[in-house]
């Protein structure tokens, strides 16, 4: 008997591939409570803002706290490299598209200052915000204690892919179980991951939430450059499955946060229906008047000195944070009143809580979207 | 043993994904009788006009009765909010595209008048039409008795999704079994739904027909805004299956009416072949000279004050109702002579009745259509 | 136990969905003999020309005989309605696109003349051609004896869909077994069909070949108008399966001719590899200098008075019949040297005869083509 | 019991259909060693340059040796037909697109000179390169001894499809087992093939590596002309399976080299992850400043006198060989720093060697790419 097998591939699905299907019960949108719990905090809406420089600065973080969500500040971006960030944002916004990647690479070549790490967290708190911050695994040992000291409520360890086991030439890499203990009681979010097994291993380290998604964001080109990526609906299904297995076995519930590629109320609703407890959103927030990016958006992998994986995208600033989340709106493309859309979607499926929405039916239905894309394309054509 | 399972998704199919396959018998088109029975009425053609303001006013309803079909009047639109509707239709047609949603939102902020509900039904009857009317579940208790009193022959309870069980803060929601009793013998149509289980529960309440389809219409963007929607062929297969199960168990036959997204004779034929007893059509009727919309069309969810889900679409008025249904035509894209197309399609499969056509073979064959779309797109390009 | 079942759909595939896969043996193209036998005739190449007016007139039929293939003359087109056809072809070619369907409808409203049926067959024979002719089932009883009398070598009964059992108001429809006997020894070709069961029933009547395919041709819009159609690869697989079952049971081999949608050497090779014994081609022949259509092409269903299903397509006349079939060519898009392409394709799979090529491997591989389409589309864009 | 069966088709997948999925372990890119062994040679990077005239001349071969890869010189192209090749490259580059195929057909009508075969190999060696050369099966008997005599380190037998069993009119075709013996110890590479069985038969002849892929390259139109082709991921999965079966049975490891269609770091990573030991790349190398093609690229089947299958493609010369392979880069589309991308991709999956990367997970995820294509297309549109 031989152990040799042809490598097999399963199918994976993204937002545009699926649709939510109403069932035999409906409810009123005003009975819906899409609350999200993380550690001891409870958030009115299950929406986090991405740890990206064009999305979150201290004042944006405070504004999103007031609006019911949670913003994560990038501790390795312009906020902690520059005392005065205004000129930096101006420079990036003013850059010619062809040179924008080079300019971003240059801006991020300045060192991170520990004093600025502390100061930004204090600014968020002074403005009335909940301070959540993010660092890469490489810088976590150095920055996590500084963040805890400064009063951060949440700490995220985040890179394209973060795992519980990282093989490194250095004697000791980051150990997540030690980090959890070290900054206790600050909850630790870790990501990104997309795999059932990897999510289970992360949960075993004691961390408090998992960020899900590799490669689907608007500012990310990991799939073209590295070949790596998995559509968000499948990534969410796989990691939510890990959460449920782990919860049943241990009794501890580790929330799943779908991160990347969410642009509309439909994408948001599909993420939650597929099993997410919350979502992390980048470009829609970058396109609010409260965002620091001046109408531009770029990814965390864009500044990579030798192999950038992301581009600067123009998103404009056509609306306020409040309109984005709560409307009212006259737009019919799903890009405004995201929370109203989620409530209506949940109510249509008879779900009053996120846990109930996890049980709603979803189907693979690619054709409608393809038609839509082609149609939109045709619309954009001149003449 | 664990009950935890990875959420699974089945595939769903739309009109463009499928094709009807001729078999071993053919017949003559003049032997085909595509009759549709609803309550005690029998209609020559299995086609209803959507309860949309750009499609049905009293004179259109009478015209469609003469043509062999059935029009449904929206009791919550401009007809029952305004005594003189001419100026309203003018205003909507004249609006700039960018502001059309806002203007429609404003127009529909006027209250519904009970006296106008009665008057419109009387107008249909005076013009020789069969009066079928529609209200949302919220207004059904109030409007259904008024409609019965005024002589309506059919009453439709219709919203994006309507279920037999609706959870509400108010003490008592609408109970469909009570409605059926209250307005007996007026047959009650209910929709929309897409699910086998939900359709079975609706049938149990005693209602007389089910409208099938969520999200696929030309004037609807539920899928982008809410993430909700299911392609029409699968919705029809699933609910027709419910009808057949219920029919076998109880002996009562509750017709299935596929509603939304039907633009051509091909779409119509596929709906019936997939199991529908009739179809409900919007935009093709809006594009007839008899329609009140002046060449524009908009959805029932467009006026939503905080989360509109639909746009005003320009459809023109290039043909008469008779040409749309019966031809003759020189067009080769399937948009005229819908009934001729259905007869030919049925005859090609050897089906003389709708019940026989339900047995014809259908396959999934997406590629041809994709090519067509791409081709059409190329055609639309300048140069 | 219930007999009620949800209607199920299988998938079907077209040319653009599949690819031929070379295996473990190759051979030299000059060892390949793609001979096609029909009745007592043997043709050097397995290619028939469609019974369409823009493709076949008597002189084209003679030219294709010389080139090794077989042309089928439409007995219900301009050739048998008009003594002098020159002016008719001119009129159709000169028509404005918007009115071309109407003009074609008008041209075909003239009656068919029996004397011209005979005369056209005689003209083919005088020019040295093999005379194959085609009529619809409605006119077969009248035209078949005339054709036999005039010396036709093959008679095709052809309409969109032709079956062995046709239900009609008239006392007796066409019986194919009687036709076979009546015009014996003239072989009878029948089509079109796409279904295993329907093909088996046709074979039982004693007919000599089956034309396969409904709806895929360049001049056909059956799928949009009627919803009817099946991609050619699946239609070929299904009917070839019927041929093999029937052959094994009875010892009689009834060739399968894939008809419609073939534009390139790749399409031709895929048809044969999927199980066809020969193909019938329309638009590529219409685009030769020998064709009567003056660079235009239209379908047999285009003239339908009330429900035309096809359009006049401009194809040009960029090449000779010989270049189309045998090259040499500098074109790299597969539209010239069709026979050279088939030989090379067969040789690459190690197949020296059509029967051997039926055993070659084929896979479903849609992606390449989609890319190609998108690419071609991009190419066609200005700028 | 009947042996007759409906022919069945499996699905096949290309680069754009799949994505690599990170798992539970990551590593540092600097721990990754993507070494490729072929015969007694070991190459730092698993990348070969295609035996195409626009890609490899003696100086390019030497440059790629220095860069850590291996270039293959085409022994049947301009290098061995012309003493002075400068003018030839100029002529092809200067040709009008419409006539470029004809001009290439003409250029390749000159005879191959044995003296030039020897001289080109000597030039590569003098410049410090490893000399690998390629001939078609037809010319192998004549050219292989000349190449060995001149000092070639590797000999490739390559045509669109090459098999162990070739049926020919001539008394004796090329026998690969005899070739291996004749030019021993020069390792023999053979291709192309795509099939598990065909790959196994080739391995049995004693050859040392297999080139995989039919039809997917940028300069190839085999799929349109012949209908032949198989997407590269499936071809790699199938032949890698053959390699593993053969290795387990015999203990001899015959590397698989995926050849054709690779344009980005993502494509390269997917090829290796799917099971390839190395890749062969054409157009990206043709687009380097070191390549002889002056910014143009054409395929080996383009010069075919009667049935050309390929076009001259403009690729430009925007970068150096070093930038292509190792960066650094500001581009974010995956077209530069291919080796950096492979290292990062492998590290993200925790793979330190190519053998470990073969075990990484891969999924079918077509939607992202389709969106990308549509998006790119929209971007390319004017206005």
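Chains: A, B, C and D, in written order; residue numbering restarts at 1 for each.
Everything below uses one rule, namely that contacts are C-beta pairs under 8 Å (C-beta built on N, C-alpha and C of every residue); 3 or more make two chains touch, one makes a residue touch a chain.
This one's a predicted model, so the numbers in the text were calculated from it and none came from an experiment.
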Query raised in the report: Between copies subunit A and subunit D, are the contact residues mostly the same numbers or mostly different, with half as the line?
Result: different
Query raised in the report: Rounded to the nearest 5 degrees, what is the angle of the rotation that puts subunit C onto subunit D, matching CA atoms?
Result: 90
Query - Averaged-CA centre spacing for the pair subunit D and subunit A, given as whole angstrom - result: 39
Query raised in the report: When the C-alpha atoms of subunit B and subunit D are each averaged to a single point, how far apart are the two points in Å?
Result: 55
Query - Interface hub residues of subunit A, defined as touching at least two other chains - result: 13, 370, 374, 377, 381-382
Query raised in the report: What pattern do the touching chains form: line, ring, star, complete or other?
Result: ring
Report summary line: The residues of subunit A that touch subunit B in their complex are 13, 15, 18-28, 30-31, 196, 233, 237-238, 240-241, 244-245, 248, 264-270, 273-275, 327-334, 337, 340-341, 344-345, 348-350, 352, 358, 361-365, 367-372, 374, 377-378, 381-383
Query raised in the report: Where on subunit C does subunit B make contact in their complex?
Result: 2-7, 9-14, 16-17, 99, 101-102, 105, 160-169, 193-195, 197-198, 201, 214-216, 221, 223-231, 234, 302, 305-311, 366, 370, 373-374, 377, 380-382
